[in-house]
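Two complexes are shown next, each including subunit A; its partner changes from subunit B in the first to subunit C in the second.
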Partner chain A sequence: MKREGSPLKGVGTIAIKEAADHMTSARMHLIMLLVLLTAAGSVWAAIGQIRVTTAEDPFLFLKLLTTARDPLPSFASFLGFLLPLVAIALGFDGINGEFGKRTMSRILAQPIYRDAVLFGKFLGGMLVLAIALLTLWLLMVGLGILMLGLPPSGADVGRGLAYLAVTLVYTGVWLALALAFSTVIKTPATSALAALSVWLVFSIFWSMITPFAASVISPLDPTNPMTLLSQYETQQALARISPSVLYGEISQMLLDPASRSVGPVFMSQLQGALVGAPLPTLQSILIIWPQISGLFAAMVLLFTGAYVVFQRQEVRA
Partner chain B sequence: MTQRTHLIWGALLACALFAGPAAYAQTDTTQTTSPAQAMQAHGYWLTTPSPDLTIPAGKSVTIPFSIDNETMVPHLAALALTGVPDGWTYSLKANGFDVQSAMTAPGEKADLKLELTAPAGAAGNSYPVQMTAKYDGGQLNLPMNISVAAISDTGATLEPELPGLRGTATSKFSFKLKLTNNGYEDAMFNLGADVPDGFHVTFKKGYGSDEITGLPVKAGSSENITMEVTPAHDAQAGDYPVHVATLAGDVTAAADLVMEITGTPSLSLDGPQGRLSGTAVAGEAKTFPFTLTNTGGAPASNVKLSATAPTGWKVEFEPSSLQALPAGGSQDVVVSIMPSEKGIAGDYMVSLRASADEDSTTASFRTTVETSTLWGIVGLGVIGVAVIVLVLAVLRYGRR
Partner chain C sequence: MSEPVIEAHGLVKRYGKSTVVDGVDLTLTEGEVLGLLGPNGAGKTTTILMLLGLTEPSAGEVRVLGRNPLREPLKVKSDVGYLPDAVGFYDTLTGRENLMFTARLGGFNPAEARTRIAAALDRVHLSAAADRRVGTYSRGMRQRLGLAELLMRETRVAILDEPTSGLDPQSTDELLGLIREFSADGMTVILSSHLLDVVQSICTRVALFNRGRVGFVGTVEALAQQVTDGAFHIDVAADGADVGALIGGLEDVNQVKPDGTGWHITAARDIRAELAKRIVEAGGALKNLDAHRVSLSEAYNLFFKEVSHEA
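Up next, the complex of A and B:
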């Protein structure tokens, strides 16, 4: 039978309801408290470091996000590590939780299509993440203005907003992954573990796995120095499968205006170059645009996978 | 007879014996008894070192003279000059004042000056003049013979060590001049020079560093002057006369000098609207309108344009060489810069060089390399494909 109307009817309602549920859940409060504390701690440490060491910098506020002081890592690396956790916490029981609570049939009893449920869940999660990240970002900028006594420059704000947008996309990848696992796996605990395993592998073990894999795929030939380069390129290509690596490259490029390339650079390419001159914001974005579009495409494809699986599932009352 | 002869001898001897002590006593009344001062001159004199002299007609000359009192008492002498022809002017001076008399203490000497001007018509003759000093005990006379010469004051001369110098429009021409004062008086000479427009002249004394506008030269001596002429920067090649003159009252001295400026071409390479920076996309040629100008004073020949750029870059000039560029002329040069395809975004220095046979210039052009937007489009394509997959999935599995 042919069905009428937009498949996305009711998405807004579900998304707002979902967001409201997240906002009031103890799970979200706990994980955001963790993020907030670590972020504030790292920025506080960065401000102390900047006050001591930096006399003048045209991109002072970007330094807030990248400066690390032992034992705390920088704000940017903290976010790269912890944000997947937030996304997984939001999404790991998105679908199978509804089945577990036997509420899925009640939702689908409403005059909406099944599409709206998954879209709504994803968009609701993204809404919560966007609000959380924006708050965090404003908090950091406010802390910086308060402690450094300087307003951020236009380039600071531009790069900061681009960083914010990319961070949202990065978190969206993990939300889509968690939703996909919650669709495929019936038990919420298993899907949470599966998502956490992927997160652990990509965040921690991936940097150990890729050199091994690269040396197997393109072995070194002592007589041919070019194999050194090809092995490095293979390793980099493998490493870029990890969203964490892509996100790290993007944040390095966006938050350090003087960096010019994320790949290997030959001496011949640096000949005549004025090293240290900051790139225009748009140029920096253009350089890591492949990474950004890769992250975005990964988010969309993961969601599509979850969508296809969910649409084909049997839903019983 | 013999007895009378003896008597005469005796009388003569007696006279001699008496006369001796009498002469001594007479001397004692006017001379001091000290043996050390016995040889000193004694008297009251009017003297001049040059009683017979030649003076120029129409010029004021100063003749020194003095009154020397070597007596026991001070003397007041009224001075007068007699025998001075009509038309002459004179005055007696002591310590800067006009004086009519002089007072000299015992053992003192009064230095006086006679300032005398003979009219121009008096030339060729000799005049006896007498200076008199009347004092209560008599009168001192000092006859002088003054000849008046027709020769006038010979003034001053200005002699260049080297009358002609050669150099480029950017070099400094340094003339050494010797200024001699042949007059009878010290004089303050003002210095001046006629130079072409735009040329700059400074005077210095000797090898000193202070700029001067004039300098004093003692009578009969000379001073070294350095005249430095800086030509106008756009001076064309050629000979430039320089007239340098000095003036002290009515005494002038002048010298004519020649500066030979050998023109040199001076190239300059200017970027678009004077800017020396531009933006180019990696792997794509971009043209910048440059201007090559010859600001020198001579044509530049055989001008070649070349560039030093990072490896993999292509820099081309249109035109790439010129047969000649006339003085003051300019030529538009289109510079095409193509950064390497593998160029990393950022700023690079490209050194552009224009070299003629005589001169060369270098312009550093800061090129901002932008990443090709090709990958941006590819990235958008990837996102587009992902979204299309989602849309297809919705179309296929939607509305359940």
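Up next, the complex of A and C:
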């Protein structure tokens, strides 16, 4: 059935209102304060560490984001762990909250398509996340320049920006997940818990589950050494279902120019390689391109799922 | 007669196996106020949502201002305003900001929207509270803000679902006054309610819903006619005369029964003149002689009694 009018009418209005709501909400302020404190803490620790050890490292700036000093983890792993929380806080009551406030039927009675509501909510969330991430990134870079007294090189900035873009996509996955739960589940508290459970499973328990599952799927045969490899590959394939693992691999590759591979490497493949020599930025991106596509696909899939459910949902809930 | 504003033919809505709306036909002309009456779960709200295109009918067809709400939803929705049951606004925004948001969704330019919003708020007497957060509004104020939204958008049709539920009598009166003004301005109004006196006081026609069907559409008088066969109800009180005996010879009297202070007579025509004459001639002192057709609530009760006997 062909319908007149653009499904995008009103998207901008809804996105901007959504973003303004997030920017002024106490929920967002609290969680960004948490992120900011942990980020500042980890970068501060990293700066201390860099000063002590590797004053001659060629990629000093990226080290800011990846160096960990006990007991603090690195900035990159902190983000991988905390950003889903930010995204969930933004999205968990996106749709069911509107029903709860009884505003949904009134909004849908305005001359816009339903498509605009969900898409506007997603875009509004992404806008807020993009602003927050950019601010965070600039703050950390600024802190680095001040404390280390070194300007970042062009390659540093390039890799940093690529990392920023991927981080946004990674956060988008969790925003889409939270919105999907808020569409399927009627009560905000339940949808928040559901999204948080998925976050816990993927960021903490997944690394415990995968070795076990892999040993069941492809068991070791003591007489055949290749089974060792196939078990490892199974485990890695399973681990990559988790967006946190994908994001971890991407940030490792982007922020450490010396790394060459995210999978097992054979001795024969290392022949002729200059170990420790940095890769060009584009080559690094090329290696983790499948991971980036995977994250993007996950975001699109989750959003589409939410979209399909939302389009078929009855207005009177 | 102008072309119908809303036309619905054979609307059916099924959820799984249960049929919520089962073959509803409605026609509305411009400036009419139609009251949808019926018990909870009779299918009123579902019918409204189908008229708006917010729910897809399982069968049947709707035309709103000559357009199909499923094919041209944006045009239909810009001409039709909907005030849902217990309307919700964003509590953290002010009344004015809430209206500004819907004005932007409707695609008005900001300057025009601002003047329209100010005028609409003024008309529903919310100017003083316009810059307060909606969270502080009373229920009546929210409903009025909902009406202001329709005014601001200048819709040609207003569909109001239970607009007066949960309001105190004064707010109800205020709201009804506003709705009356809208209809005087040529707006076509559909209103659903359980409150019969509300419906009777402002609706030109009523539609009685029962189990997903429209049992009756027409004026309140026609409804009374149908359920009571057009009978007159006459209350008589007289001292010193036995009305029960006096009435014996009169034609077209269906029923006479004493009701405490006097008598209640049901007759097929207005027999007051003859009755008064007889009482006076018999030397009685006539204290009360009151004829009325059934009120909407009596008719409503009679209607649903009949329907449930049939079932």
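Everything below uses one rule, namely that the second predicted complex is superposed on the first by the 314 of 317 C-alpha atoms of A that agree within 3 Å, B and C clash if a C-alpha of one lies under 4 Å from a C-alpha of the other, contacts with A are read in each partner's own complex, and residues count from 1 in each chain.
Here is the rule we use: contacts are C-beta pairs under 8 Å (C-beta built on N, C-alpha and C of every residue); 3 or more make two chains touch, one makes a residue touch a chain.
Since the structure is predicted, the reported quantities are computational estimates derived from the model, not experimental observations.
Between subunit B (first) and subunit C (second), which, if any, makes contact with A:Lys101: first, second, both or neither?
Only subunit C is touched by A:Lys101; subunit B is not.
By the touch definition at the top of the document, which applies to A:Val300: first (subunit B), second (subunit C), both, or neither?
first
Between subunit B and subunit C, whom does A:Tyr113 touch in the aligned arrangement: first, second, both, or neither?
Both partners, subunit B and subunit C.
Once the shared chain is lined up, is A:Ile14 touching subunit B (first), subunit C (second), both, or neither of them?
In the superposed model, A:Ile14 contacts subunit C only, not subunit B.
For A:Glu314, using the defined touch cut-off, is the partner it touches subunit B, subunit C, both, or neither? Pick first, second, both or neither.
The answer is second: A:Glu314 touches subunit C but not subunit B.
Is A:Gln269 in contact with subunit B, with subunit C, with both, or with neither (first, second, both, neither)?
After superposing on A, A:Gln269 lies in contact with subunit B but is clear of subunit C.
Quick check on the superposed pair: does A:Leu33 touch subunit B, subunit C, both, or neither? Answer first, second, both or neither.
Neither partner.
Pick one for A:Pro290: touches subunit B only (first), subunit C only (second), both, or neither.
Touch partner of A:Pro290: subunit B, not subunit C.
Both subunit B and subunit C touch subunit A; at which residues?
The overlap between the subunit B and subunit C interfaces on subunit A comprises residues 3, 5, 113.
Which of the residues in subunit A end up touching subunit B in this complex?
3, 5, 7, 113-115, 260-261, 265-266, 268-275, 277, 279, 283-284, 286-287, 289-290, 292-294, 296-298, 300-301, 303-304, 307-308, 311-312
Could you list, by residue number, the parts of subunit A that touch subunit C in their complex?
Subunit A residues touching subunit C: 1-5, 9-10, 13-14, 17, 21, 24, 101-113, 314-316.
Which of the residues in subunit C end up touching subunit A in this complex?
45-46, 49, 52, 54-55, 70-75, 77-78, 80-84, 86-92, 101-102, 104-107, 146, 149
Across the complex, what residues on subunit B touch subunit A?
Its residues touching subunit A are 309-313, 340, 342-350, 366, 370-371, 373, 375-376, 378-380, 382-383, 385-387, 389-390, 393-394, 397-400.
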